[in-house]
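Below you'll find the structure I mean.
Lettered A, B, C and D in written order, each chain numbered from 1.
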Amino acid sequence: MSSEATSTAALAPGGADLRTEEMLLNMGPQHPATHGVLRVMVRTDGEMVLDCEPHVGYLHRCFEKHCENVTTLQAVLYTDRLDYLTAMGNNWGFCMAVEKLYGPELVIPERAQYIRVICQELNRIASHLLAIGTYGMDVGAITPFLYCFREREKILTIFEHICGQRLNYNYIRPGGVAYDVDDAMLALIGDFCSYFLPKIDEYDDLLSGNDIFVKRTANVGVLSAKLAIDYGCTGPVLRGSGVPRDLRKDKPYGIYERFEFDVPVGSGEHGTVGDCFDRYMVRVREMRESTRIVRQALKSIPGGEIRSAKIKAKIRPPKGEAFTRIENSRGDLGFYVVSDGKEVLYRVKCRAPSFHNISVLPEISRGSMLADLIAIIGSLDIVLGEVDR
Amino acid sequence: MERGAIVAEVRKAFGERITEVDEAALEPFVRCEASTWPDLARFLKERCGLDMLVCLSGIDRGKGVGLEAVYNLERCDASRVGIAVKIRVPYEAAVIPSVETVWRTADWHEREAWDLLGIRFEGHHNLVRILCAEDWEGHPLRKDYKSPDRYHGIKNNVV
Amino acid sequence: MSHIHDQELLMGTDSPLQDNILITQVDKLVNWTRRSSVWPMTFGLACCAIEMMATGASTYDIDRFGSGPFRATPRQADLMIVAGTVSHKMAPRVKRLFDQMPEPKFVIAMGACTVSGGPYIKHGYHVLKGVDRIIPVDVYVPGCPPRPEALLEGLFRIQEKMQRERLLDRTRVGVRPKLLVE
Amino acid sequence: MNMDSGTLVEWVLGSDAGFWWRLAGVATAWALPITLWVSLVGLISIWLERKISAHIQCRLGPMEVGPHGALQTIADGVKLLAKEDLIPEGADRMLFALAPILAFAGTFVSFAVIPFGPDLIISDLDTGLYFLAAIGSLEAIGVIAAGWASNNKWALFGSVRAATQVVSYEIPLGLAFVTVAAVAGTLSMTEMVEQQSGMFWNWYMFRNPFMPIAFILYYIASLAECKRAPFDLPEAESELVSGFHTEYSGMRFAIFFLAEYAAMYVVSALAVVLFLGGWYTGIAPLDQALSASPLWGNVVGALVIITKSFVLIFVQMWLRWTLPRIRLDQMMHLCLKVMVPIGMFVLVLAALWQALLPYEGAVANHKPLFPAVGSIAGLAIFVLLTVGAWIWVRNTIRATTSFKSANYRI
């Protein structure tokens, strides 16, 4: 801390003669750029951020308490509202933990596996679209946000047809998925893929290739790989720092080992590895990879059951403890599930990627400017529902 | 280094101080006393290369057992090899040494475990509530927790 | 409570000045402008905020009805859309933001959580069971989250309510909602 | 309309009796049309902004309030007037009330010296440009006062940013003014326009090879003066909540709003007068045919100048809804380290050009001498700059998006 203070003093012309006063700035919980109800206490010297401290908990919705009080099937509903931008992933993560309790004899039907992959990847695209759109808005470009929402609406319409909800799907259930997807819907998803890919070029024109955008994001909020790992950052934040860690590749869950896709990592195209631009760019590239996976899945989706017969309507997970993680759009979403053989789980702990990602904020925003702080928060792409649970 | 090798190393270095090892469980773990934990943490990070604290789960194991903290550790490379460490403490002395200097992400996780379960992490630089409001009373994830009838004059239990 | 009731009688619809032709015409004009330009506050709390954004985006385009300019500061907003779960930690801030808005101000409780606590009503120890416990709510839009069309319908209800405003009626009888007090 | 300022002043000051009445009468007679025009410009440009932004964003924009939302701005304005007027506790009440008026006054007074036609000018000052440069910065003082008086940290940030912005953009703006003055040899607005009569290559924009650069400098600096994106730092909604007007509500906020849009018109009209031939269409025979009667000359002249101004306003809006916001230090870097040196060079070179190859005013001196070298060079430079910028932008985008779907394996 003290070293930072001296460095800002050195920046001021005249050095010691110029007396500056520190200002304590309370950003949030209601602020247009905090992506929800994050509150950041910022100690500034003019526009320079000396230190900041994120305060979370303004959306603490007692997820873990609910899981201890409602049945396992009902708990799926609450997982939706963790990372409400990638509800499919949350469902899947939780169901995977419950399924793990059943042991290897529980086999998820093939068709359900494919539907899960398609839904998860579509949802990843929807989530990244929002991340990119709001990131553009954070740095002052409003139009890309509207363009992203235009595409997002199409995905939400697909989901609405599949499971009747636009945001909190409650679709992936222990042992399979809730409803089947008909062929017309699969054709529509294929059409969406063809429609969507050229649209990414539009975002590239508007943002990735925009000189002002590059200047605002390159070399800003540099997160080194070591620091990222130390803080437990995962997902695009870790990959933006040049670490190619993706659970879909490292520990393929579901049927991800059958698909061909790349893991985009930050390479410091315009600045340093691990800056805001890298994190942003990883998301843009992941949208292409997700489309690629969806297309492969659409080609080879089999028919058949969508729910395992082994899991009855009344879900009583066997006694045991399981910890599973999936690669959600914000990083590794983990669930630590403790069951004592009853219908209601004994304890559920959610390992939320955003919780880790936002905790690194003070480290990477020190010494930057106030406008950079906004850009950094945006590039971390947090969802407060998940941070606060 | 595979998980088996890590367990063997830990056993060799710590011997009796590791109270339980279960490699066959769904989530393989080693168990130790709270006093061993700082040494074990440093050993796991520096010698075994488990550089990422994936998750810290606090669990209320109920009367007669006490509180438990589960640390899921992992090496952040392509192998993604990891192991869990479990530490059990009684209610009346729910104190575990803090490891925020080993893995910095432990900072917020320990605050969360303190907030929701009341496990005190000794040596933590700022052990205050993180999720609940500052003046919240009790630790909500304890099994005997009763949610307050009123909070700041607003009725809370309506059902 | 009783003196407010008296005031309502005094300033309410019985007041002879209220039916003055000039006043009613001014009423009409002012109400038309208010109805046509309801500026909401950029105030997202949780899931519902995403649907609120979708309402402002291209497909649903709330700007068609003049409610496009989402103002970041409460001082310039007419409508507070409480979009998402309000926790006990957040509640004082929500109230403060409401207090900072200039009159006439309106509140939409968007989503099940703000209406009543929604799925968190029973075990949500840290969740405020309905935002009408801290601020008066004009229109409730249920859903988890409500569709953008539902929010637009909520906006129309607010516009209908604005139509009933009377210029000389300081107490805003029939318009101002009550706080839920238990 | 074009009264001789000298005699008028004498008339007002003439005798003691009724001095104040006469002063008030003259002030009202002048202020009324400006007020009307400012309001009209505000209404139109705010409506345009909302429609243009909506269509850029694949939306419709205001549709329900009047045909295609034409009455939207009126509704907004009257609503803001009828809102509660809040002055926050702890604010400097007098300064808080004064700030919007100060901000508006700067723009309002600027209208006095901006011509709408050959005779349609409130006051054709000999030092019109100088007056504008001086009075134009008054808005910034209002903005700074607003932020300071609000007793709000975000507003303070906004006002300090506004102050920073003023000291940064005023210098290149002034340099652009001086460059035009050096070429024109006058500071009077009407005289400058008269010199640009004839074909469009007579416009100052193409007068010599350095004027297009001066125009671009002026345009960028004028964006900063109106606090438009990418220089909307004092407002910066995503950073500073609403910047300097965070605490303003109701009518006071409406005045700020109006001042912003009026300022957009002022800088655009000024660009038209200084660089784009004022009320001349740029086609000499057409101008001659129209200026046959003074009435038609004025009417058409006003239409021409307003059309040109709104084209420039459209470009401002287009930029706003396309570009992200630049950072404070980048803004200062751009203004002080890039634009000022370029402006200096342009000034010196343009002045040298003017001294060595003097432009004989084709109309003023009735000499149809066409100083071909300067105009051809000016046009060439303009085309070159446009094409160069286009290629540069395309290349930047292509270079950073080597992963476009065209060369991507899916």
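The rule we apply is simple: a contact is a pair of C-beta atoms (placed from the backbone, for glycine too) under 8 Å apart; a residue touches a chain by one contact, two chains touch by 3 or more.
These figures come from a predicted structure and were not determined experimentally.
Colleague: Hey, which chain ends up farthest from chain C, C-alpha centres compared?
Modeller: B
Colleague: Can you compute the centre-to-centre distance for chain C and chain D, using the mean CA position of each chain? Integer Å is fine.
Modeller: Computed from C-alpha means, the inter-chain centre distance equals 39 Å.
Colleague: In angstrom, rounded to a whole number, how far apart do the mean CA points of chain A and chain D lie?
Modeller: 44
Colleague: Rounded to the nearest whole Å, what is the centre-to-centre distance of chain A and chain B, using the mean of the C-alpha atoms as each centre?
Modeller: 24
Colleague: When the centre of a chain is set as the mean of its C-alpha atoms, what distance in Å lies between chain A and chain C?
Modeller: The mean C-alpha positions of chain A and chain C differ by 32 Å.
Colleague: Going by the contact rule already set, what residues in chain B reach two or more other chains?
Modeller: Counting only residues that touch two or more other chains, chain B contributes 131-133, 140.
Colleague: If you look at chain A, which of its residues touch at least two other chains?
Modeller: Expected reply: 31-32, 57, 60, 62, 65, 146-147, 150, 388.
Colleague: Which residues of chain C are in contact with two or more other chains?
Modeller: 57-58, 72, 89, 122-123, 125-126, in rising order.
Colleague: On the basis of the stated criterion, which chains touch which? Give every pair.
Modeller: Inter-chain contacts occur between A-B, A-C, A-D, B-C, C-D.
Colleague: Show which residues of chain C lie in contact with chain D when the two form their complex.
Modeller: By the definition above, chain C touches chain D via 29-30, 32-34, 36-37, 57-58, 61, 63-66, 68, 71-73, 75-76, 78, 102-104.
Colleague: Give the list of chain A residues in touch with chain B in this complex.
Modeller: These residues of chain A touch chain B: 56-57, 60, 62, 64-65, 68, 100-101, 103, 229-232, 238, 243, 245, 247, 250-251, 320-323, 325, 332, 334, 336, 338, 347, 349, 351, 355-356, 359, 388-389.
Colleague: Hey, which residues of chain A end up touching chain C in the complex?
Modeller: 29-32, 36-37, 57-62, 65-66, 69-70, 77-78, 81, 84-85, 130, 145-147, 149-150, 152-153, 156, 166-168, 384-385, 388
Colleague: Note which residues of chain A are touching chain D in the complex, please.
Modeller: 23, 25-26, 31-33, 46-47, 136-143, 146-147, 150, 197-198, 200-201, 204-216, 269-270, 285, 288, 291-292, 295, 369-372, 374
Colleague: Going by the contact rule at the top, pick out the chain B residues touching chain A in the complex.
Modeller: My answer: residues 25-27, 51-55, 57-60, 70, 72, 76-80, 84, 103-105, 107-108, 116, 129-133, 140-141.
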